[in-house]
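Okay, structure first, notes after.
Chain lettering (A, B, C and D) follows the sequence in which the chains are written, and residue indices restart at 1 in each chain.
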Amino acid sequence: MKILKLLGSSRPDGNTEYLVNQSLEGVEHTTIRLSDYHIKPIADMRHTAEGFPRVDDDYEKLLKVFLEHDLIIFATPIYWFGMSGQMKVFIDRWSQYMRDNRFPFKERIAQQKAYVVLTGGSDPKITGLPLIQQFGHIFDFVHMSFEDYVIGNAVKPGEIKRDEPALQKMDQWKVQFEQSSEKCEI
Amino acid sequence: MKILKLLGSSRPDGNTEYLVNQSLEGVEHTTIRLSDYHIKPIADMRHTAEGFPRVDDDYEKLLKVFLEHDLIIFATPIYWFGMSGQMKVFIDRWSQYMRDNRFPFKERIAQQKAYVVLTGGSDPKITGLPLIQQFGHIFDFVHMSFEDYVIGNAVKPGEIKRDEPALQKMDQWKVQFEQSSEKCEI
Amino acid sequence: MKILKLLGSSRPDGNTEYLVNQSLEGVEHTTIRLSDYHIKPIADMRHTAEGFPRVDDDYEKLLKVFLEHDLIIFATPIYWFGMSGQMKVFIDRWSQYMRDNRFPFKERIAQQKAYVVLTGGSDPKITGLPLIQQFGHIFDFVHMSFEDYVIGNAVKPGEIKRDEPALQKMDQWKVQFEQSSEKCEI
Amino acid sequence: MKILKLLGSSRPDGNTEYLVNQSLEGVEHTTIRLSDYHIKPIADMRHTAEGFPRVDDDYEKLLKVFLEHDLIIFATPIYWFGMSGQMKVFIDRWSQYMRDNRFPFKERIAQQKAYVVLTGGSDPKITGLPLIQQFGHIFDFVHMSFEDYVIGNAVKPGEIKRDEPALQKMDQWKVQFEQSSEKCEI
């Protein structure tokens, strides 16, 4: 089972990255840091005769990697009580590639398992719940299996190291991820 | 009272635009169509010594217009059960300008009134509620007054014309907006 | 189409009742005021061999009336950010009667249309949304069609009379209800 | 620090009780099983001249015990995507006793710490979130500190024993509860 860490942060070595990394220590996985790539916002051409045009950016390259994995960890800081713009722009473009026969989007995504890692402040374990619900609706829509989520309480660099329950959850995930990796080696 | 229509759509003349326009017929207002501008996603430098760097894009020009208005209508299609990436990227950058003394961000935004217009499919009057909650948290955080919201049920072009309750709400808003405009002429 | 007003208020002539009544002026309908009846909380016997025992209270009489109607208006004050205990106790008992062959519960409820009327304070148009989501899940579960909802802003007696958008929505519903009633006369 | 387990279940030895008990093994605490008591739904007399009348039931006795504790675990099965009617009826009555000078309701509750334990089916870790949000609003309103929550996935008797993440969270709470108990012995 191939694991992808999809990182929506705009800050290197931030709390979100620290938190998700606790679950991946010693576990084979791929990392995509969305802020390292050029991704254009969607131009909605669903309802035009010509359909979506080819877009000149890094998206298709990333999507190819995305679809090659079996377990996706969506890791994003909570910006303004939602996922980062970087991650939203990435997901919005799914609307285009659901309709593009060059990619087996619908078939593959329906086989993937999803985990969500959020970190933020302002009482995030409550105010982050609409974002969890949004992810719930997203995964339902594409038939991804929503395995688990964690919300870390952290704003300033390093604060996440004090969120014991979030860290302990990562230890639990790590056990699962290690087992999943083993399974695919057989 | 100066009114701004902030449009997060990526499709011209879409359902969102049609819906919000029903409330603005004959009412003086400014339009910003976010997809017409180049706006970079935030690079979070809140916690660095140097702070946020100047960014070479259209953001400051738009922010200046934004802050000149008293009543903001956030109008966005529901993409993947959230606001469009275009609008999210716009709001994420607030984090930068809250800390930039060249803009009276916090003072002005706390005086603004906010309206939200959403359109989408997949049972939007229920599945759009996490997005309304997100806007609620956003406006609370910056002390904007959240006046009202409408969720239109529409996916294909023109479908919004059949959503009677949404259209009737726009008629009600129009009366309020006309009165607000009159007040500022005195 | 037979209309039932199911009232969860504990106060006679309160804001909730005033609001829902605006949609029913001149429209034939039945009223159940839950606080007028004796309804016991559910004792969960789903997983016992003997099943649910007969309960000595007014529930079956009310349920019979409930199932005879085609359009149900669930009207409840928001108490502690949820429906009133009176209404919750009523709904909890559904678990018992879904499994009781004397009542055509599942078949009938899947044909019913649901409307929800809430009134409350503390920023109810936002803080009442989890309750709307709860109703959404409930109606999904039993395959009721969730037609519309309104959240009125009112705490003290009579305050609802100042909530123009809520009152205007009731005018819209009234038109629908009048048409529904006519349909059934044919 | 005195710990109260407030149990909203209607079934003895159910999943909710099993789950919460994992966090309390060897920890001194008091148990209130709401279904063992007679509690009347609230009759809202807030806005009447005479105010709330004395109610002939077990409520005041329970409330007294409730207010004597420092840490409250609200443990309820998810019934119809909300707390049980038993627990809702208990909380609704707070509106009465907030206004009753015989009880130091507001002062005491603002000092209490709250934990929430839910168990249910139908994708509870997502569909239970509106209930968590409701508890969030409730605790905000009375200034209780919302410490943590767990949502267990279990419907049939004993199913909770397979929900590893929920059980592990209880192990974490147990450590906290043991430390809290020790603190009060000093």
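Methods note: contacts are C-beta pairs under 8 Å (C-beta built on N, C-alpha and C of every residue); 3 or more make two chains touch, one makes a residue touch a chain.
Labels paired with UniProt names: A, B, C, D = Flavodoxin family protein.
Predicted, not measured: the structure shown is a model, and the values here were computed from it.
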When you check each chain against chain A and chain D, which touch both of them? none
Among the chains, which one keeps its Cα centre farthest from the Cα centre of chain D? B
How would you label the chain B and chain C contact, same or different, if same means the shared numbers make up over half of all numbers there? same
Just the number, please: Cα centre separation of chain A and chain C in whole Å. 39
Per the C-alpha means, the centres of chain B and chain C lie apart by a whole-Å value of 34
Mind checking the centre-to-centre distance between chain A and chain B? Centres are C-alpha means, answer in whole Å. 26
Residues of chain B that touch at least two other chains are 133
Considering only the defined contacts, which chain C positions touch chain B in the complex? 123, 125-126, 129, 132-133, 136, 146, 148-149, 164-165, 168-169, 172
Residues of chain B touching chain A in their complex? 9-11, 14, 35, 41-45, 47, 77, 79-86, 88-89, 91-92, 94-95, 122, 127, 130-131, 133-134, 137-138, 141, 156-157
